[in-house]
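What follows is a single structure, written as structure tokens, with notes after it.
As written, the chain order gives the labels A, B, C and D, with residue 1 at the start of each chain.
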Amino acid sequence: MTRPVLLDCDPGIDDMIAILTAVASPEVELVGVTTVGGNVGIDTTTRNALDVLALAGRADIPVARGADRPYLRTLDNRAESVHGGNGLGGVTLPTSGAGPVEATALELMVETVRAATEPVTLVATGPLTNVAHLFAVYPEVASRLARLVVMGGSIGAGNRTPAAEFNIWADPEAAYRVLTEPGLPRPVPTTLVGLDVTYRTAYRPDDLDRLRSAGTVAALCADALEYYLAAYRRDIGMDVVPLHDPLVMAEAIRPGLVTAEPAYVEVDTTVGPSRGNTLVDLRGVRNQPTAEVGVDVDVPSALEFITSRLENYARR
Amino acid sequence: MTRPVLLDCDPGIDDMIAILTAVASPEVELVGVTTVGGNVGIDTTTRNALDVLALAGRADIPVARGADRPYLRTLDNRAESVHGGNGLGGVTLPTSGAGPVEATALELMVETVRAATEPVTLVATGPLTNVAHLFAVYPEVASRLARLVVMGGSIGAGNRTPAAEFNIWADPEAAYRVLTEPGLPRPVPTTLVGLDVTYRTAYRPDDLDRLRSAGTVAALCADALEYYLAAYRRDIGMDVVPLHDPLVMAEAIRPGLVTAEPAYVEVDTTVGPSRGNTLVDLRGVRNQPTAEVGVDVDVPSALEFITSRLENYARR
Amino acid sequence: MTRPVLLDCDPGIDDMIAILTAVASPEVELVGVTTVGGNVGIDTTTRNALDVLALAGRADIPVARGADRPYLRTLDNRAESVHGGNGLGGVTLPTSGAGPVEATALELMVETVRAATEPVTLVATGPLTNVAHLFAVYPEVASRLARLVVMGGSIGAGNRTPAAEFNIWADPEAAYRVLTEPGLPRPVPTTLVGLDVTYRTAYRPDDLDRLRSAGTVAALCADALEYYLAAYRRDIGMDVVPLHDPLVMAEAIRPGLVTAEPAYVEVDTTVGPSRGNTLVDLRGVRNQPTAEVGVDVDVPSALEFITSRLENYARR
Amino acid sequence: MTRPVLLDCDPGIDDMIAILTAVASPEVELVGVTTVGGNVGIDTTTRNALDVLALAGRADIPVARGADRPYLRTLDNRAESVHGGNGLGGVTLPTSGAGPVEATALELMVETVRAATEPVTLVATGPLTNVAHLFAVYPEVASRLARLVVMGGSIGAGNRTPAAEFNIWADPEAAYRVLTEPGLPRPVPTTLVGLDVTYRTAYRPDDLDRLRSAGTVAALCADALEYYLAAYRRDIGMDVVPLHDPLVMAEAIRPGLVTAEPAYVEVDTTVGPSRGNTLVDLRGVRNQPTAEVGVDVDVPSALEFITSRLENYARR
């Protein structure tokens, strides 16, 4: 029996691969995609989500447009140099004939959760603005989620600043509202998968070669990741390309790929050098754990999982 | 022709009088009431809103329940000692047979604005949580408001802390989102009416005597204000009772009762002694004005306006 | 019997008049002047202090150079447009042959307090950096002060920002250390005289005429104040020139000119819009009073006091 | 030729071993010890410093009492449960007949640096309050230091909070003043040695056995460390005892034991969950490096260095 999954994302190269991984996985049904401004603006992330679904042959999955500005404060939070002008590493997808549904991201989330016959897993691979709106305006609906799996934060260093990972940094107040003060009637089982494990789940250049020989869809992924890889090489001298969002989706599809420990997570919302830091108190001395935080990952299994799902498109 | 008015409130004694003033004013039509936790909890403010409308003979006006926790951070933000356990100074109203509508406060706001044949004036006399949700989730809808009139803040001293007025202090992040970073497609004409003018718009004890002889509804108001007056006497030695929320409603009904000047308003969201302060830059040296801020009021006219409207109930 | 007075200042036009007022007052003996960066840099304020003392015929009073940067954070905290390039409104004083003593401002404060046969009154008319150093490094010495009289802050609006008065804004952490967390063995009787009373203690243009006819020193003061007046006219449309620092010195010389009330004072050190605000809790509900805060002033007496002292120079 | 070393500390077990290491090292001359409140109060840290020097046979080295409260804000910053009531793990040292010099810590620092015939190395193994005073009041003197070596901070997790190491947490504003805004005429070569390397420089239980058989002084160290080890076992399940302060002193004596990289260091002074965090930007993308930050250590060499110096006492 397939589990319903909702994806809130800001595609984005690795969001694209997360979408493709979900669609190609029989364990889950991707029941909707909501978009948020993040790596690039909301118009682009929405367009990209539609085009990626069309590429996957699932233009029927509803896409709803969400927030284009952070929950509280506006910052210059674009990351176009890493993701290319269209957010997809310069790869041009065929344009989907479909448009977003009329419902807002928040409305689609609410309708989907209410309509689902079993609890929905919400996967978030962008800034948490839409999810914060859900928690704030519809706490009872949020309480009915089966699970929330978030790509964000880190126990150690950040990537956007020395302290902060990009998704959390782009909207720290939303992350605070969701992770530190969820304020729901019932707690939602939450897994936070951060840079500590996503950076390790990385393709080497020859992994891209394998993708390139696995059909059109996988080859497009390889092209986009190649762009990403070049940015990593140029900016921080890495010669591998991490699969941040795909790993998080993989964990949502096959729980346990990431090893997580219960911890209290406090998101730093100060306007200072630690803005957007996720303080993870693994020992939970001070507060009760509020989430499971990824501390380890079976890297070969995770990479194989993602690659083989992308290869599925060649068999269709 | 009557103008449509939506009231977002946390009744509360002076919210009660604001509601009664609106219902008794032919210039406007009160098209909906949304509630927010503030002076007392959301269950009580919603119950009170329903009962006040029944008292006014308008149980048909829809009441929608809104947020019970602040936009970002939870604080102990109740003021029961001033407003009495039920928020109405111990006055017990007949219980309305009506309940709140199924829609949330946010949904009722959106539906009302969309359905209205002319632009709606939104009056806010509680913490701005619901209004912040409207601005954040439905910026296009918020942009269609005719006017936003807010009871909140002060140019000078606060009442909840040396720096902060209660409504803003109770949810500074919501106030920041609405007043400092509205982020709407089109600016909404906004008037901020703070303690500088509301404190001056105060009944003396003999004004209460006039109310007492003006029918059941006015007499109930007098009883509730008597309770309020006692609290003011006890806590800060004042022998008059300010009509914070009624003045703001009066200004919404008859624009110009309050003299306002354009100013940039920055809400302090730091976690420090100035949390909830509204910094009003009247000269607007640094930033373009974002609101009209009340600096003066024609006190006798304002009091007469409110009193005479409450007296209308005796003539029904 | 004369009381010893130490002045910590950043001349500055009104510091100049404060110095001249002190020297011309038989009730006190100005036993030393320490300088701080503020209106202009430390080199200029030190040079000005020396030159003003020479003008007053008291080049023998020791001047010690103090801090040129704030207690904690460096900001662009110069106010040259108001005070003129040399801080004295373009008035050029005869250059004193004297230089500063070798001791630092902190050392001179400590030596002076220790050597004095009766408790010293410390008057501060600039940012509180040096005073914070005294409180932090020599708490026992600070405890022996007879009184600390500070020009700074305001109960109402600021002048440097909507929230903050210049001296406090220029070094909020120093002010916090001195006023909010003094941490001394014994409390020092402290009077904070802010804009609420200093703005009212203002010369009208014809007051400057009286000064001009009262000898060289007073005429120089008139010239400098004329410059100041022009800045006030230009910037905020005022047609009077406030005597901030001279009033504070006058209060130190003749205690009671300013009416003060006990209050707890919390200096805002957040990095936000209220940075440098002085939160004055006159009712002291939350905390024990830590200072006397000026709330009123006998304006005619204060102006007459200052003017007549400046006229004393003509009689020498 | 011996290099002069000044130690600013809060003994404390590991400060004690740092002192003993310095005295037993022919490469340096310990020319003074200044104390600061930290692990325990200033009276105790001063008493302990005197007693440790007497134990080392060097009661002649001057000890000066420094700050007992942080640079800006007072917090409950004692760590008595880790260090025992007297800060030395319950080990009772013979009481030294000597007392502290009359000079304050700041005065002793200034005199020592001025009097030295070659540049002084300042080692700081407690909160940085005294050092901040030196930088703030005597920037020219601070500029003449040969080197500043600090035990504090971490690139990764903290020990006092998830974000902050104890010494920095105990006085973040002092650390900010010294590390982030030194404001000196000439930069002082600064090495920050944090938990990333000090935690790895740890004795195992059998290392304590070796100490126990190496004379009275080393045996006393073993006894004190045993107490410390028990605390680590109890609190965080570690079965080794790190030599935080001794490693920092060892690096000062034999530069290069710690591998350090240039980095910009920003101390978090917000009042939030990251207070006291040291943000180390190793790549220095945003700002010029301001310090060398320890990233690695030759653990066996470091442990052998410290142990062999403590064994020197048996040979005297």
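As a working rule, a residue touches a chain if its C-beta (ideal position, glycine included) is under 8 Å from a C-beta of that chain, and two chains touch if they have at least 3 such contacts.
This structure is a prediction, so every number in the text was calculated from the model and none was measured.
J.: Identify the chain pair with more contacting C-beta pairs: B-C or A-B.
T.: Result of the comparison of B-C and A-B: B-C.
J.: How big is the rotation, 0 to 180°, that puts the C-alpha atoms of chain A on those of chain D, in steps of 5?
T.: Chain A sits rotated relative to chain D by 180 degrees.
J.: Please name the chain that ends up farthest from chain A once chain centres are defined by their CA atoms averaged.
T.: The chain lying farthest from chain A is C.
J.: Let me have the rounded angstrom distance from the C-alpha centre of chain B over to the C-alpha centre of chain C, please.
T.: 44
J.: How many angstrom between the C-alpha centroids of chain B and chain A?
T.: 40
J.: Send over the residues of chain A in touch with two or more other chains.
T.: Each of 269, 271-272 in chain A touches at least two other chains.
J.: Which of line, ring, star, complete or other matches the graph of chains that touch?
T.: It is complete, because no pair of chains fails to touch.
J.: Mind pulling up the chain B residues that touch chain C in the complex?
T.: 155-157, 161-163, 236, 266, 268-274, 277, 279-281, 283
J.: Which stretch or stretches of chain C touch chain A in the complex?
T.: Residues of chain C touching chain A: 271-272.
J.: Could you list, by residue number, the parts of chain C that touch chain D in their complex?
T.: Within the complex, chain C touches chain D at residues 67, 69, 71-74, 104, 106, 133, 136-138, 173, 176-177, 181, 183, 269.
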